[in-house]
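Should a chain be cited, it is by its letter among A, B, C and D, assigned in written order, with residues numbered from 1 in that chain.
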């Protein structure tokens, strides 16, 4: 029986991660993004890769009141003694509907790239996109990464991420496929269904050739950062009880006073 | 009833965080650490503050096989469909014993600083440390942030963090108190009880004058990064079942074969 | 190193819990409440104890839309692939504010009983209650188990639980203390602050002389039952997205259309 | 926008669940299993249904040291302030590998029953089983509910559950299919792959014609009961640190002393 990790280990006087001395070669020498790469992949990212990873974590760090931040705030109301519980409750909502989509898009685009020749022309890309959309008609999941409940005319994060990808040499087959699928899908559905931020992030993870599970994982790291901000605000200026009251006011029964 | 967050909001065509346009002024412009600060505190950190925050997240990102990474890996074994579940299970172990200690130390040192004059001499620091240690004798919690099950002669991360703090102008009253408590505690217990990494991180959060809850929160963000690495490895080269077998082998009953 | 549990073990052909053969002596012979007792305490409860445990779990099983059920439903919206994640998110809100209060009340009443003689007269009970209320004035927590945001004139579950306790011989010092504290607290606050369901449940756990941690634990088991009902309904007739929309509608900014 | 649950609601003086007055008609009148049914399905179960539900929850309540109980114990070590966190961490391991299997088996058997006539003869059952096994060859999931790492010659809970089902009139098409699949699978794999407890529970949920999601949900309720027992024991006689030490001892590096 061998139980062993390559990520790191401690002895009485040393801590080693991926062959580097943590106090001497990592703390104060590598920043957080570089360290995540070192831990997960065993290597420090190159500069342009690091730029993209920062943008991915920044995009995943929540803003406003989403189901994830609401769940976290409601949890802190019930268990103020456990910040880790409220953060965990929030992250648990990062699944196939919201944040985990990034992983699903990354898988879809990376495996479509596998079936294409190097440097495919636009006709091949269009064909591959049409095939993906056609295949999705039979499944119950649909194509992940398109449409948004609020940003119905287009997700404003997508062009920013596309531009950054281009500037850093990461606008290749996955991005081209992602946009071609938008065309194909909108034609087939007869209404605009624009690529959303989770879809664009999935395309970038495929461009970076990172394992798809890492896409879901890093999206959760980014969101964890946003949750800290929301829970700090909740501690200082709570709104969870108002959210509860608001829901109860909708659920009133006949004349009975709540 | 007002339900409102200052952190951010979305309209059909825009996303705004802390008054900044997310696609135009944040994505690709600020890195992840700067964005966390912006979201949580409403401001971008200065350079030396950012250096320290990176070091804090890097130090909190796990290495080796700790109870937190073991719980996460065992959870992925049972529910491979939910990476977010395994990460949440891991983070739930970041409480008063392991990671949350950082918050408790930060609170202790920040409130001790409040009771001291500006620029206290060493005698005042020693007196304050002795008082804290004496007060802890009566409580059931003890002084958080000292001693380590593996690094019994001293935690190798502590001098690295102290040096980085000094270089960046963050070695003030909290750090001096933290070391003075080590002296006082070791004298009182009649054995060396060195400051550990959670204690040193708590001192730095107090130096940075950040809210103590943020100390616990950012420790969880850092750990979340480490968990992604462990769960990627678990997916590729699983060890959770071996951990289980190892435990069962210890729990064997008499002659009965398991 | 000994790693051993007294709760149960498996061999190739047998499963034994607390010395009983699971397939032969437990499945189909003991019901769920009896099995929980067997696992946790090593014994089957007597009939009147079982009646009370059933009532405790029934009372803890949620009804209506509480912060806990809302967090669970919002989590299922984001991660429909993981029912366990939505249930975990819900349970994480069962802490010091809502469900865990049961444990805190149980601890308070059980330790107050320790300081009283057997069969104390009403004057002694009143004195003990006054002392507890006076002591709470200095602490930041207050007395747990009193007041309710909706049931401001009294929690309708409390008389039902009191009556059941009386009928089963479990109306002793903890219940008498619980009601005396209500008097003392209302006098001191100059407004009625009635015992709530969590308080009454805490009194019953103290009557049953069960470990206080078990009070928090069984409250979570009961709530887990209620969460299954809510998540089944959410899967069939979802409301989480409406809850989100409702919150966003409150958080509208100026003229900007969401 | 309508936000409404049929499960229950509160007014100032009343609590109503599924049309019944909670204090007057439920607490002390219905036991926990009956209440779960009432909440989830809107009806009280008949006696034989209740017998089966009790057996299902009892079977799902853990025994011994499984990955789920280990994750919960390791989490309590790190965050002793939050029992709900340790329970949540445990439940998060109840997914597609371990406990959620029950749901998957229930879905598989219920939908196979749909495609069969009423009262099918054995040849039809065998044919349906062979078809399911053949179809599973192409998929990456395999047939859920068969084989066990410890009970390699047969899971001792299965005959107990089968007998109880027969005695209560619940041994119909799902059970017959479950056993026929065992035959078909063992023939095809050329080694015995016996039905396990999760498989048998899945068959019973299909016999009871309950929604498959309820199978996963109730398995979690049952397990929650077992987790309370393990965490009580962990609080009194902890083993989590020994588990950690045991793992570290396996991960030793060369001569370096840990």
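One rule holds in what follows: contacts are C-beta pairs under 8 Å (C-beta built on N, C-alpha and C of every residue); 3 or more make two chains touch, one makes a residue touch a chain.
Remember, predicted model here, so these are calculated numbers, not experimental data.
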Task: Distance in touch steps, counted as few as possible, from subunit A out to subunit D - done: 1
Task: Pair joined by the larger number of C-beta contacts - A-C, B-C - done: A-C
Open item on the list: I'd like the Å distance between the centres of subunit C and subunit D, where a centre is the mean of that chain's Cα atoms.
Closed with: 23
- [ ] Return the distance between the CA-based centres of subunit A and subunit C, expressed in whole Å.
- [x] 36
TODO: Provide the C-alpha centroid distance between subunit B and subunit C, rounded to the nearest whole angstrom.
DONE: 31
Task: Of all residues in subunit C, the ones touching two or more other chains - done: 1-5, 9-12, 14, 64-65, 79, 81-82, 84-85, 88-89, 92-95, 99-100, 150, 243, 246-247, 250-251, 258
Task: In the complex with subunit B, residue positions of subunit D that touch it - done: 64-68, 70-71, 74-75, 77-82, 85-86, 88-89, 92-100, 149-150, 240-241, 243-244, 246-248, 250-251, 258
Open item on the list: Considering only the defined contacts, which subunit D positions touch subunit C in the complex?
Closed with: 1-17, 22-24, 26-28, 30-33, 35-36, 39-40, 51, 54-55, 57-59, 61-65, 69, 82-85, 87-89, 91-95, 99-100, 103, 150-154, 156-157, 159-161, 163-164, 211, 213-214, 216-218, 220-222, 224-233, 235, 239, 242-243, 245-246
Task: Residues of subunit C touching subunit B in the complex - done: 1-5, 9-12, 14, 79, 81-82, 84-85, 88, 247, 250-251, 253, 256-258
